[in-house]
Amino acid sequence: MVNTYEETEVAVEKKFVKKEHDINADIEWAKINKDILRSLERPRAIFWVIFVASFALFMVGVSCEVYQYQTGLGVANLDNPHVWGLYVATFIWWIGMGHSGTLLSALLHIMHADWRKPIYRYSEAMTTFTLLTAAMFVLVHLGRIWQFYYVVAYPNERWTWPNFQSPLVWDATAIGTYLTSSLIFLYIGMIPDLAICRDNAIGFRKKIYLFLSLGWMGTDRQWANFRVTYLTLACFLMPLAVSVHSIVSTDFAASQQPGYHITSFPPYFVAGAIYSGLAVIITLFIVLRYTFRFEEYMTIPILEKLAKLTFAAAMVWTYLNLIEYASTWYGNDMYAKQALIYRATGNFAPFWWMMNFLGSVLPFALAFKKVRTNIPVMLVLSILLNFGMWLERWMIISPTLAHGIYPWTWDHDQWPSFVQWGIVAGSFGWFNMLFMLYCKIFPSISMYEVKEMLYERRSFKTKKVAEEVSNPELAVEGGLAS
Amino acid sequence: MSKSHVMALFSDFDQASAAIRDLKSANLEGFKLDDVTLKSPIEHPEIEELLGKRPVYVRIFTFFGALFVPLLGFLFVASSQATFLLQPKGGKAVIPLPPNFVLTYEFFILGGVYMTALGFFICAKLPMKRNKLYNAHVSADQIGILIKAEDAIMPAIKDLFTKHKPLEIMWGEN
Amino acid sequence: MSESGINRRDFLKVLGLGGSSLALTGCGNTDIRSGDEVIMPNVQPEDFVVPGLSVYYASTCRQCGSACGVMGRVREGRVLKMEGNPASRISGGKICGLGQAAVQVQYNPDRLTQPMMKVGSSLQPISWDKAMALLDEKTGPKSGIKGEEFGFLTGAMSGHLNVLTQNYMESLDSRNHYVYEALSPAISLAANRRVYGVDQPRLHFDKAKLIVSFGADFLGTGASPVHFAAEYAKFRKAPRGTLVQIEPKMTMTGGNADRWIAIIPGTEGVFALGIANQLLKHSEFTGTVPADIVDLVSKYDADTVSRITGVRSELVGHVASLLWEKTPSLVISGASVEGHAHGVQNAVAVQLLNQILGNVGKTIDGQAQSPFPQLSPAAGSFSALKAMNEKMGADEFKAVFIHGANPVFTAPSFMGFRDNLRKVPFKVAFVNALDETAEECDLVLPIFTAVEEFGSNVAWYQPEGVEITIQQPLMNQLYPDTRSMGDIMLNLVKARKADEYKAWPDFFSYLKTAIINIKPVVKYTDTDEHFWYDTLSNGVIHVDGAPQQVSAKFAATDLRLPASANAQDPVYPFYLVPSERHYFRDGRHANCGWLQESPDPMTTIVWDSWAEIHPKTAASMGIKEGDWLEIASQNGMLKVKAYVFPGIHPDAISIPLGQGHESLGRYAKGVGVNPFRILNPVFEKDTGELALYGTRVSVRKTGNSEIVVKDEGPVNTQMGRKLVVTLPADVAQLSKEI
Amino acid sequence: MSITNLLNNWSFYRQKRPFRGQYDLNKQYSEYKWAMALDLDICTGCNACTTACYAENNLPVVGKERYQHGYAMHWIRIERYWDENMGEFPESGTSFLPMMCQQCEEAPCETVCPVGATNHTNDGLNSQNYHRCIGSRYCSVNCPYKVRYFNFWNYPSTAWPSPLQDQLNPDLTVRTKGVMEKCTFCVQRLNEAKSRARTEYRLVKDGEVVPACVQACPTNAITFGNIVDPKSKVAKMWKNQQVDLYKDEQEKDSSMRGYRILEDLRPFPSVMYMERVRDMEA
């Protein structure tokens, strides 16, 4: 049987490339530049709607914070001994979301899963901004925000240092490390794209990109260094990401409060973090895809892969969640058991059950391809999953503080005040604002990596076709007839 | 003997690599592979087969960063605990090891990442001034080959380039 | 306590200086504004002020009638804290929360700082000169006021201020000195007089192996709670005594009982007689009481007692056997026993047990005879107020003075006291802050608080001998326009008897002379001045005296208890128990933040009034904690939140006294309700005292509810934790303890 | 911060605290370890200690509204528990429990403070440094007794309307919003007594100094002193009750009443409670 080259090509594509058909390998490279740089210029009107709404929300948070700053934390309706509330819960939530960005990017990079390439840039940016948002909560939460720098280990004439035994200081160190490392990772990965921006921008923007691109020219030496650096950074960031949320979990696991003092917290927190991070990546995926017209790059198959990953994370989380309940139940620790029963039956019970439903039952919807490929459904679903994860954090913080070791001080009636809700809402505004601004200023899809992706796909295909052509027997087996 | 630069732009990597292959086989006097620079919109590790392995020293930085920063970090934490004598904690030593190991671990990552980044900037000579023989197309979809050579062999190089139908040939001071 | 680091000579000098300079300003002889005195900057303070160093001055606590000796911690001329004076036998160096709050009375933001005169319907500030001129015009010698047209209402008072007051009344030829205490021990005193022939026998809690207390909250609100608490502590040490408390509503003392028994209010006497009946069956007790009493008692068999009192019948025998087992014992009665129409009979019935058990002379004996009866306290009574009220209602008074009492707040509404008071043409109140009564007066004079004032006090419960506690100012007057009550009284007396009192320019010198006169009695051999300074720095004078021998006698007529004490009332089914809170008493110190925020020991409720209701009753009426209830008697209705409380008889409702002020200041005004208002006109038939516990009420749920503000969390047990561990007394080996 | 210091004293710095001999009259390290013994059998629940604490330690009166929200700042509170298997009536009375900071030897609050505002003093107290506190409230979360009180409001501006501020004890501060506070065993009194003793080349005598609550207690239910001094009353009581400061499980006779609350969490409290006794035959 003799085939034309083109026929062979089609056959090869069917045989080898089908699974990888998540992006059209034949997009012109110049078009990639054009498409993605267009996101810096003229997004859809929805961008401005989101931006203005976010700013308004942010201002709500700011005014609440000013009020709280002036009056004292009492306005948040926190009390003794229910001293932590939505601030800490939302802090963990934001930190958690920050995990998937860099962790996913690094992990998939190391594993050479090239479908990460269109989505990793905004995920990493998301990480950076969620960390900034989370850091904001640490400050908002403090009684004396004006003295937050006491946590920082800085030399001073009084020879005072932070208490390095405190999980909060580990937190500060871990988050500081994670934030700066993520920023470095994001920035270094962005240099080739900044060079593209520089080459295409005019006016004052050119100056900015000129400065930021550091004179990148894409020489082979630069690329060689770049490759090694990027891989090395990825190797560091993966364990870092895992350690950060483990350390955040020690804030609770290392304390004596029943419901906090749980050995399985570090993996549980990491799983929850990845879970909610994936959910937010899906949310932002859909938002960016629409806002910046990225349909050709952020394709449905990639969304599906994300959804499958989310499902896996959800199952891991569910497992660890059940382990937590089980170990508490069988651990026969009276305090923890009572706290668990209180969570399931007390004032917070509706939220607790909702958390379990959203976190463990709802993800089963992701088992259906129809759900995974339906963009509006995925948008709603991802937001709901994330809400579930937020509830999880709140259900860790509040009910146990309301129902701790000491029965005299049980405090069942605490409910966050508008100040707490306002600042939580403001954090969304703050994050959205920063994130949208970022996407407007920097390419939110990595152009050079998409090109690499296309290049690899094409060379792979070329190689296979060449093999096919030179080996007719394979071609027959390849099912040309079909 | 003055040296000058020439750069040719090709529409794809195969053409460019063919041109380099030709250059190598042409045995021009005074031509060194070190003087050839490939400018590309994406990374082409395959080019090392032609140009030889470019040495990358980034990981030396990483090594030292990951080795010494945690060490210094531990000493920093321990010695600050030892000097802040007003803060003994009940049930703990003044210098307790488990928390310090947690911090040391973070310092390990910190050192690794920071030094890697520093190494990258140093090894890739960033920030640098872009040379004049740079074309914005290199960052889009074209491959540029920049050669530094003595003026004597320059015409030969240009001829060689022309044979491979470059999109453009630029020369001059870098 | 007083290791203040300054030497003794300085210390004495200090006291003298402090006293005299205060007295001078108190008399208004010199003044900073007149230019005779110069302002001294604090960098060069007075001799006795050492910046940064606390000095402790002995004085007397006037927050209640116990007259505990206290020490005031003074720094930079300000009194900061009250401590117990170890030299005082009453306080023993200890102090209760109410006493601590004396400094909050002193620095109270709502203190009255200048004289006020009623203009139209509101009080307007006037100067002291005008105020005193007005006082002179209305009540002075030239006013022509007759003795019977003048009334003076005071709280219980003792010592030299009381002497001056009596002398003033004498100079006016008036007998209308009314000593009124809303929560007076008058019924108890009457019963004691009947049984023992003395007002107040001495109780040896520490010597008893068993205390059976019928509603006596001696730890919280008794005659001398701080002293009794110390005695109680000894009683609980090895060999540990047992406390049985029988009362309708669990008081703080009840909370500490080994056995607490809920009883229908007013039937305590029946229960006591029931126990007596059981005891008299033992041969060893035969002949302890006359035969007619044995007869009378014999009809109180356990079942009858159980039917009347609502207590399980086996408990009668149980308490009797405890009393039989543990000797010596002590049986006492308290307010909830006495506050009934048959209150004296109830109390006498309780005392009968002491007689049967032979406790008289062992755990009960007499107090020492005081060599200075004129200094002894005039015990307050409700009948005094009733008498005054009737006279006011009959327009017999041209002028009344009111000091140390707040009858407009504490008089039940059926008396119409406020209206009657308004009929008096000229009413003067001597107060620290504007209370309900002062608001009604025509002239309100701001006087010194107890910590600014000189004085002497003799408590009506004396632990040992007689203790005269000396009150000395702990600081200079806080406000220039306040005056010493002693000075005012002295001036009033002087206006009529100038010659007799001319030796004393002020109350200070009067008191000093009077105290020095005590010197020979206590066999002090040094000079007068030294005696005075020693007395001031000790804060107390102990006059030793042997306790009077007391013996009990009982008449069967005093033991005839009404059969219908527990009669059903279909309209008002519940017994109202207006409970006395240990830091509020009759409510005069309700304007102290510390006291408002000090949780009630039993309910832990703060800043409020509440109605205690038994869980069973609450369940049957569908009442939950925080439900607004309408508690109505024939004389009024109170809206108050429910607190479900197991320590109360199911047929009783308890509302604490002391709250519900319409005036007095920011911390008290509008907080809670005032159960005095709805009390029924039930009077103890022998003494004419108001029967505080004789009111029946109905309870209605309004349907609204609100959170009860309390320290207690959502649960009231230990939820399986090992927080308070209880050890059975037979396992504990207290004798091995240190 | 010198390495030499680190190397020279390494074993000292690595020693877990408290160590045997840390509190010892003969050793140089610390001659004081303040401790309490609280007899629940004679505590009557009268709240005199609470009010004394308000007076001594400048505790703000927060008012009804704030009390309801749990902002009460009572450093010592009296808890009242009913028996779990109570019938119709609480026939054996109730249980009062004065609860204040237990000054744990291995205090859970100390390790978690990010800025080292709460530390262990040489004389065994759990100190609270208001100036250092940034208000993360982690200590309160980790306190099993929940005896730490956070200043959620700016009480100095509201709690002492003039002239109530004249009553404030100048020996310690009023706390502004945003800092944590708790019972200090009246450290201002202890320090004064210690310096006085030091100037006289002696140790603080037993009974020379007591916290305000101990001083006020009408029944003498609380005993306070230096447990290092074997002659002190509190040391005798601890020894008599067979309660060892360094053990988390006491081996004592069942007739002895001493115990420490929530000992199983291993905080090693410095307050020994003595069990309430009830005559079960009454």
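By letter and in written order, the chains are A, B, C and D; residue numbering begins at 1 in each of them.
One rule holds in what follows: a residue touches a chain if its C-beta (ideal position, glycine included) is under 8 Å from a C-beta of that chain, and two chains touch if they have at least 3 such contacts.
As the structure is a prediction and not an experimental result, all values here were calculated from the model.
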Chains contacting each of chain B and chain C, listed by label: A, D
Across all chain pairs, which one has the most C-beta contacts? C-D
Of the chains shown, whose Cα centre falls closest to the middle of all protein Cα atoms? D
When centres are defined as mean Cα positions, the distance from chain B to chain D in whole Å is 62
Averaged over CA atoms, how far is the centre of chain C from the centre of chain D? Could you give it in whole Å? 33
Take the average of all CA coordinates in chain A, do the same for chain B, and state the distance between these two points in whole angstrom. 29
Using Cα averages as centroids, what's the distance between chain A and chain D in whole Å? 45
Indicate the residues of chain A shared as contacts by at least two other chains. 160-161, 163, 165, 169, 405-406, 408-409, 411
For chain D, residues that touch 2 or more chains besides their own: 72, 77, 79, 81, 97, 111, 116, 262
Using the touch definition from the top, which residues of chain B touch two or more other chains? 76, 80-81, 83-84, 86-87, 89, 92
Overall pattern in which the protein chains touch one another (line/ring/star/complete/other): other
Give every touching pair of chains, nothing left out. A-B, A-C, A-D, B-D, C-D
Can you check the complex and tell me which residues of chain A touch chain B? 28-30, 33, 153, 159-161, 163-165, 169-170, 173-174, 177, 180-181, 184-185, 188, 191-192, 195-196, 199-200, 214-229, 232-233, 236-237, 239-240, 243, 247, 250, 448-449, 451-452, 455
Report the residues of chain D in contact with chain A in the complex, numbered from low to high. 66, 69-72, 77, 79, 81, 97, 99, 108, 111-116, 132-138, 140-146, 148-154, 177-180, 262, 265
Chain C to chain A touching residues, read off their complex: 707, 711-715, 717-721, 723
Touching residues (chain side chain B, partner chain A) in the complex: 13, 37-45, 47-48, 51, 54, 56, 58-59, 62, 76-77, 80-81, 83-84, 86-87, 89, 92, 96, 99-100, 102-103, 105-107, 109-110, 112-114, 116-117, 119-121, 123-131, 134, 136, 138-141, 146
If we count contacts the way the header does, which residues on chain B are in touch with chain D in the complex? 75-76, 78-84, 86-95
